[in-house]
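Chain naming follows the written order as A, B and C, and within any one chain the residues start at number 1.
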Amino acid sequence: MKILVPVKQVAVLDEDFELRDDGLDADPDFIDHESNEWDDYSYEAALQIMEAHGGVEVVPMTVGPEDAEESLRRCLAKGGERAIRVWDDALTGAGPATVAKLIAAVARREGADMVFAGTLSADHSYAMTGICVAAELGWPHVAVVTALEYQPGAATATVHRELEAGLVEKMTVECPAVLTIQLGINQPRYASLRGVKQAKEKPVDELSPADLGVSGEELAASASFRLRRMFKPARGQAELIEGTAAEQAARLASIIKELRGAA
Amino acid sequence: MMLVDALARVVAGAVQRADPFLAAAAYAAADEEGRGRLEPVLLASYRLKRQFAEAPFTPPAVLRRLAGEPDRRIRLKVARHPAAPPEVLRQLAREVACVEILEAVARHRNAPAEVLAGLPWREHPGVRDALCWNPRAPVALLRALIGTAPLPAQKGIASNPNADAALLARLWESPDPYLRAQVAAHPGCPPAIMDAAERSPEATVRRMLAGNPAASLQALLRLLGDEAAEVRAAAVQGASVSAEELSDLAVDPSSQVRRTEARRAALPAAVVERLSRDPDAWVRRWLGRNRCATEPVLARLATDRELEVRRAVSRNPGCTPALLNRLAMDPDAWVRAGVALRPDIPSEALARLSAEEDPDIASAIGRNPNTAREVLLRIAASGNSDLRRAVILNRAAPRQVLLTLLEDPYPLNRVVLAEHPALGEEDLETLTADPDPHVRFAALRALIRRGRPEPAAATGELTSTDNPGREP
Amino acid sequence: MSGILVIAEHRRGVLNPATLETIAAAAALKQVKPQPVAVAIIARNPDEFVGQVNAAGVDEIIKVAVPTDTFQSDVYEATVAAVVAARGPAVVLFAHTVDTWGYAAAVAVRGGFGCATDVFAVRYEGDALVATRAGYKEKLHMDLDFPGRQTVVLTLRGNVFKPIEEPGSAAVSAVDAPAVAARTAHLGYIEPDQTGDVDIAQAEYMLSVGRGVGEEDNIEQFKELADALGFTLGCSRPVADNGWLPKSRQVGQSGKTVVSCKIYVAMGISGSVQHMAGMKHVPTIIAINKDAEASIFSIARYGVVGDMFEIAKELRNHC
């Protein structure tokens, strides 16, 4: 019984960033990387199943360059014995559907029984990758899972799905399945110092798309969009409310009222 | 001496391991030669310079070094850094070619008055407007600025503690009600304007006057009878209104006014008594925390049906040991946690609460300087990282207990642990080899401080940085 | 391939109002490039919704009767694919919702369609459809196009396109749903807990205080403000560490993630990594801090540089 957990190293853009000369991305000088928050929860969900039952293997994987290995080591420090990193420089800038094709190829190669992905990634928030993996595999799938009951080997898993306005749906899904895991489903653990040390010795298999039997043409054809350009929005995201405290409070009160009216 | 050896070892290690976080901590303590060796590690890339120029924990010495970076964007971040020292801002104020840097200096609370006065505000409206809001801008500068300051910046002058009566009188002429209200709130507001503000048709202006610590007693007494509850609530807080005058007040129909009354100091006994029986729970809740509340009143509030009223009593410094022992048996854990937090907790209550597992109580017991060592050891072994941190935050926790936490899985706990005075130098040295860069930084910073009675490093919050390596 | 297909969304007999925004986006595209707009209603009884989606600009309403009242991704995927096969639209529009997160991308992968999610502007440049969405937490916008794709699936951000109020005169037709065995099964709904304000993971409106609050007694006025506003009070780690508020109110790492929050007012919170981990996803963050450079402003939609006590006192007068 094997659970594959695709994780991602996400980009965090500095406040005062500049664009790259080709206008297709931010200048890498202004980009920091960190592990995607949602993946802490999906990995924890997998580890909890592994710990509660015998014979379960959890394998973290990522599609990313050498730097992205850090997010795999971070997983291995909490549990799991090996990880998989898929990369080829041609994948630079690959979109969610392309990444999903490679994750699906790994799932097949590994004979995974379940795939737990994060609901979305904190940088570009496509919320597509996990569902595209399911489509590639032809597996049933549920997005935005906030509770999970699963006995390894069982024909179905029972999940909660978070809907609008706090409403929750309880449902079952046939296995094998792809679940996209939402924040708050559990309390992700921190790695012990011993775990951090041990993780350095654990193997990370490096695979290319070719190793997975995915050709360059297939990768190119899988892109669900082409990026034309990136640009800074005309108005920044933040609005600074100015004036005296009384004036700022009056404006805040009207903003809150308006937003609650719309919600 | 061991400390010197330890420092030298760690600095050599920082250089050898190319560890920018250890280098940043070591930089503050290093001599010229040491700094020369650390700089290639500390400033190895643009990204590192950017991260240190932004990080709240960056030592002033590193900021000083970064202020000399040729890259303007780095210098701008230093100018915006809340811990930028005055002399760095003085240097950055000479950057006449970069308006953003000048604006950042003009806004900065660490900028000395003469640096602010010397900024080229006539050429740059953004610099001028920022200066109007800076509480360190001297009155002579404010007088010059007001000539061309637009309305939003005028509000800055009206909020500025250095504004004098003449400036405020001039601003009072404005038709803008918010600006006038701000003038009425200013402690330097001239009496004639206070009189006018008291008669203002705008409740906001009268309310601001009622909240002005310089408002006259007569004005406050009149405002206590104002038709608007918000004005009466502001007036009832006025310190110059005496106990006797409050006793004379009728029961205000507005709960907002009574709530404010229950918060103020020097309440006469009759008023305390009246408020303690108020139907509004918030009035009783405020009174429960009030130091004027007498023992019998506290005893009655300790049996209030609202748990937050009982909690308020548990936090009142005037609460007697007998009452604390009773509250330690309250049915609600949040009330008992209030007792568990008290440094003056009676031993009976301490014994009772030490056995509890509720996280708020266990955390309070973990922080309490009176807690027994074996209880601390048990809490330190908890699976809940918040509870383990409570022990780490307990300044009275002995080293033997803390040693069990050197490998706490939550990195933030190890960062906080590095600040604990009971750790030995060898323990800190262990932490300088931690996998988490913030732990290594905190540990070396603490080691360095041990060697210097006068702490030279920043006390910035280490945990609020952008996160160049949360975990390796 | 031509025309625009809108997929209506509903739950428990109620049309998701975002459907009308999606129709408005379709009608706007039709204005610049004349083409038919069809709305598909996938439901056990599609007739229920026909009147509601018959807005000006809609040419055809396609009823697709399916044997389920609840969202089942297998059924919806196959059914949308069948409608696309029957009508051959160039663009398929969905609202960006929890349901469409669960299947729109799968429709695109299986049909070989182009796809972009959380789109807030759509236009034509020449013949090319260009969709705009945000990246890097809204700090950058990106223009996407779909070369070589006959059909493009887009999910549209809410509260962007203004619903059309004027009624339309669409023709009503039907497409047969394909027979699909759903591999998911609905067991029931769990209503949100309306009773208390304590579970911050479920709270929609939150006011949180941080280190800036200074001392314990000061907490009370923010609790009172939160009550008056109808917000749930939360806090950052230092406040809970001090025992000033219960651990159950701590937002962030080792505390809770405010999963359902829509408006988050952060007062006196500088924005440590640990705190932001629990709330940076909230759509509207309002930050109040006396330090203009506090990190919390980097994720805020509205920023107030000022004294949290003064702002709170003033805000109290607006409740």
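By our rule, a residue touches a chain if its C-beta (ideal position, glycine included) is under 8 Å from a C-beta of that chain, and two chains touch if they have at least 3 such contacts.
Because the structure is predicted, anything quoted here is derived from the model rather than measured.
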By that same contact rule, can you tell me which chains touch chain A and chain B alike? C
Taking each chain's centre as the mean of its CA atoms, which one is most distant from chain A? B
Could you please state the distance in Å, as a whole number, between where the Cα atoms of chain B are centred and where those of chain C are centred? 35
How big is the gap, in whole Å, between where the Cα atoms of chain A centre and where those of chain C centre? 18
Would you mind listing the residues of chain C that make contact with two or more other chains? 313, 317
Chain A, residues touching no fewer than two other chains: 12, 245-246
Which residues of chain B are in contact with two or more other chains? 385, 410, 466-467, 470
The answer for chain C against chain A in the complex is residues 11, 16, 70-71, 73-74, 77, 97-99, 101-106, 108-110, 113-118, 130-131, 134-147, 159, 183-193, 201-202, 204-205, 229, 256-257, 259-260, 262-263, 265, 277, 280-281, 284, 286, 297-298, 300-307, 310-311, 313-315, 317-319
Quick one: which bits of chain B touch chain C in the complex? Just the residue numbers, please. 56, 80-82, 107, 207, 211, 230, 256, 259, 282, 285-286, 289, 312, 315, 334, 337-338, 340-341, 359-360, 363-364, 367, 385-386, 389-390, 393, 410, 412, 461, 463-467, 470
Within the complex, which stretch of chain A touches chain B? 12, 14, 16, 29-30, 32, 34-35, 70, 73-74, 77, 189-197, 242-247
Touching residues of chain C toward chain B in the complex: what are they? 211, 216-217, 220, 224, 240-241, 243, 246-247, 250, 253-255, 270-275, 291-293, 295, 313, 316-317
Can you tell me which positions in chain A touch chain C when the two form their complex? 11-13, 15, 17, 19, 26, 37, 96-97, 100, 119-120, 122-128, 131-132, 134-136, 140-144, 146, 156, 158, 160-174, 177, 180, 182-184, 224-233, 237-241, 245-246, 248-250, 252-253, 255-256, 259-260, 262-263
